[in-house]
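One chain, subunit A, appears in both complexes that follow, with subunit B as partner in the first and subunit C in the second.
On to the complex of A and B.
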């Protein structure tokens, strides 16, 4: 009898035709590919190369990315599975981005693993599971799903960082990454516990509702708990994007890990952490009291500090690096700073919410440039003779014209030169900052933009240094490239996309704007901003047709 | 007079345990001890969740604590594998030996 009533209750709660299951389609595809991968790997004949397994996972990831494109217009109004997962264009955008970067990184991987005599299927499998975590993290509508998917995305990557078993530096990178990553996860978890204690819920929308009741009423009894919890959650995100002051792991981990996997870590982690950061802070903590806003000391002010410190420290320390991978690691800290400028500008007030599209656009441009750059570095890597320092790059550009050309495109994009995508990415980020300054006359945001522009000049120095060494310096050691077709294809795709987005950005910008506009569960003020933005867009499109 | 622990007592205890874990991670040198300190931090979070859940007569916090335990177990498995991996290279697990990657 009891069982019967349970079943009827469940049947009543389940929506008709299983409509909610659409919410897990991209994640489920990657999971199924991973499971199929395990089965295929079991039947692998020992001693033969595993390239086909890499292409198998690339095809699976491409199917998952295709499903995001296919489901673009079938978002769900409310969070699926009892308020656990959002399924909107914001989710789909980041799911597709994670799948594409993972696929490109995997295409570059087989020769690196073979060169280190670690040609094992687990490498691809761990990356696939990490992608599953990323997809659900971008979708999470509850701090519970957020935490679980955060761990699902991180734990496999701790192992990937230490995958080159015979290399002591890989082991060390894995250890350092694990210790610091676990501390940041524990800090974030404590923050979630405090938020739960203060509001009685872990659902993002309910948190916002309950906070509105507390903070706008007379009693501020839970204010301290909420503030502390918020800071701790933020620190967890800052660790994942490698922002100052939680950046210290990045250079060591990037130097020690397998080179193509670093491209995946540097881009996809940053993208997904920003997705969850925007989602959590826009939905759960919209209140003016918590937002602060330029030294009223709220979460915007923390982001302000992170943006400032990351840009300055990342760029200045990158200048003095002699190891190319370390230089790219510090420059990725600087990029976290630029992205944070966009975050500060777009979220300092609900009226500027739509400027978040600059962050999404920047993440796309950044992803192609960095995955490509690490692909090129991997192309010249063999055991015992990796490309490490700038001197090692000597003359490589002239000896290998195609790779040199692609590296040139990536470096110009990362430094922010037209006509590459990186220029437009930076342009949109800084434009949103200037726009906010024009509307609020807050000097603080203008200062941030000026610092951003000045530090990107410093950035141009060390990016162009790579090209100077590749084309104008004599070679010190002879590097045999790995001559792998997959790597060449992946690098070519990255270079083409970088140029394509730089020359014809309209479509990517439209997609980013749609994704930002389609975010569900936002506060009334943000919803109003979105409505205004949609009306504006309608008007522009109408006038174009006339 | 009977004495009953209140929510505040549990929160103070869990904050103290969390701080011990955090300080331990910063000052200890042995990797195994570091993992124990991280476990301490995670378990103090569990205590916080359970205390709040009891205080509010809700189940959400209990559920969250179970998930944290499952994830912490997965983390511990990876942690020990990494420690063994490092031990094979260095014949020791002190973080002072981690000097291959610097500057």
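On to the complex of A and C.
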């Protein structure tokens, strides 16, 4: 009996150690909230509004995020549950981010659903289940856990996309998302199967281990098999982050789905897909041959092309959009491109691993700006119709100064203007690229950074167009604000956080760096980089105290 | 991986195809044939196939029943292996833990059933 089947048999028959159960605490909290939600919803009196259910799930998500905070220093050294879940600060960071974005999106939701006469509890329930999937996806240490949590994260959102079922576009969004998402999931599963075929395991650390033995240069390796599996797994992630060439679904789905849910979709999905992307590729495929790096044609090169194409296509196509939601969809493709630049720079060599903190920081800044922007779009509506085109936005900024101001903050942040958080996010991403260029003198990464900076200048055009319409154009159609306290509160939180992180970024940066440094199961080279980083940090903190 | 290891499987496949083919073949060649209109109709879960299939509208309830069926089918698939291995885990001294895990699973599923019931998923009209 080999080692792996021994482990599997033991997993079936013996319970994990008691201490390991801490690994499921945030996920279990959200699951319990969802189950309690079902029971409460069953006894809900028909015909009364369901706002309290929304706030109930917001409180539950806040408790889950708080548990991440509380457990920050109690990570587990090894993957819990017989190599299924990592419980480290990297996991906790993304769990908390998913909970917070979901809570903010839910706070904006009740009036939109009521306006469409679809005030059903299932909407919040599906988002809660999706968050459970996200938490476990960020934690997964095994390709099968990863796949199951990916599906748990996606399937509820396919339904949420079509939740306004009396709206044809919503149904279209759901159908498109479902079909394309299933295809991408199937491709990813095929990739997992190929990797399993080549290495005999689905555990990330074992894959790295077995690939090192397998790709030993003896000439018996089937690179094609491993490569194809790797590319297929990557394509699944690229679909989730809406990167070119798997971006086609994004504009239609974002346009048709309930507006606040789009904020959740656009941010949390990207964040978690990046978490899993970093985790899988750093842990399972660290080998030089597979990594490639600037046209050795490995996974770094794939990421390079995705970054390049997403930035160019996303920004250029966003310019000609007339629908604000579509514009934000294309801009989210562009943001996927910027994030990919960070991914390429940080993982092109194990020595640059610590630059991954730029991605984490960027995701936080992006999350607040985009959830807030969709919250504002949902705030203005008329007979169940939200503000959509640029013309609809006319004069709203002057008529509703608070919302206009918040929208201004979000747009400046998304465009990357100081003093908002978005500026620092972009700054750190591009700085990591320039840093890699300074140390390796690879022209390719510099080209990528220059393209990123130039395209983000293009981006400033369409973000500012929103403000031009809100403040300088006449009103074309009258839109009544929905006057919902929850929405106003959520938008205010997003705006305050965007400004706070922009002005006092130190704490968020520290947290992102800790999360990246605490990732478990990494290869020896990356572990070395982390140790050097920790020593450096120790030195800096020591000199500050003197 | 000797090919001989797979011989039982190959034999089984040949047997299965052979027996099925033999029965159908015998029925086709020697069986009496009295075709009536009802017999020649395609079998459609008991409902009369009238008109073209394009204009046919099925009640969404069929899908609801099918989904409920799959749910409890999967539950069975989960629970039966558990009953088979429970003795082993009990022998190792983890019987109560094992029972607790399956209880949580069944409890979650029961809540799902309560939800379905309350939403009218088990009623035909």
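For this structure, a couple of remarks:
Just so we're on the same page, the second predicted complex is superposed on the first by the 522 of 546 C-alpha atoms of A that agree within 3 Å, B and C clash if a C-alpha of one lies under 4 Å from a C-alpha of the other, contacts with A are read in each partner's own complex, and residues count from 1 in each chain.
By our rule, a residue touches a chain if its C-beta (ideal position, glycine included) is under 8 Å from a C-beta of that chain, and two chains touch if they have at least 3 such contacts.
Bear in mind that the values here come from a model prediction, so they are computed numbers and not experimental data.
Of the two partners subunit B and subunit C, more residues of subunit A are touched by B.
In the superposition on chain A, A:38 makes contact with subunit C only, not with subunit B.
When the shared chain is aligned, subunit B comes close enough to touch A:165, but subunit C does not.
By the document's definition of touching, of the two partners only subunit B reaches A:202; subunit C does not.
Of the two partner chains placed around the shared chain by superposition, subunit B is the only one that A:179 touches, whereas subunit C remains out of contact. Legend: residue contacts after superposition of the two complexes on their common chain; A:193 is shown touching subunit B, with no touch to subunit C.
Across the superposed pair, subunit B and subunit C touch subunit A at no common residue.
Here subunit C touches subunit A in the complex through residues 85, 88-89, 92, 94, 97-98, 108, 111-112, 114-115, 118-119, going by the rule given at the top. For subunit A in complex with subunit B, the touching residues are 144, 147-148, 151, 155, 158-159, 162, 165, 168-169, 171-176, 178-179, 182-183, 186-187, 189-190, 192-194, 196-197, 200-202, 251-252, 255-256, 326.
Contact residues of subunit A toward subunit C in the complex are 12-15, 35, 38-39, 41-42. Taken together, the subunit B residues at the contact with subunit A in this complex read 11, 18, 21-22, 25, 31, 34-35, 38, 41-42, 44-45, 48-49, 51-52, 55-56, 58, 60-61, 63-64, 67-68, 71, 74-75, 78-79, 81-83, 85-86, 88-90, 95, 98, 100-103.
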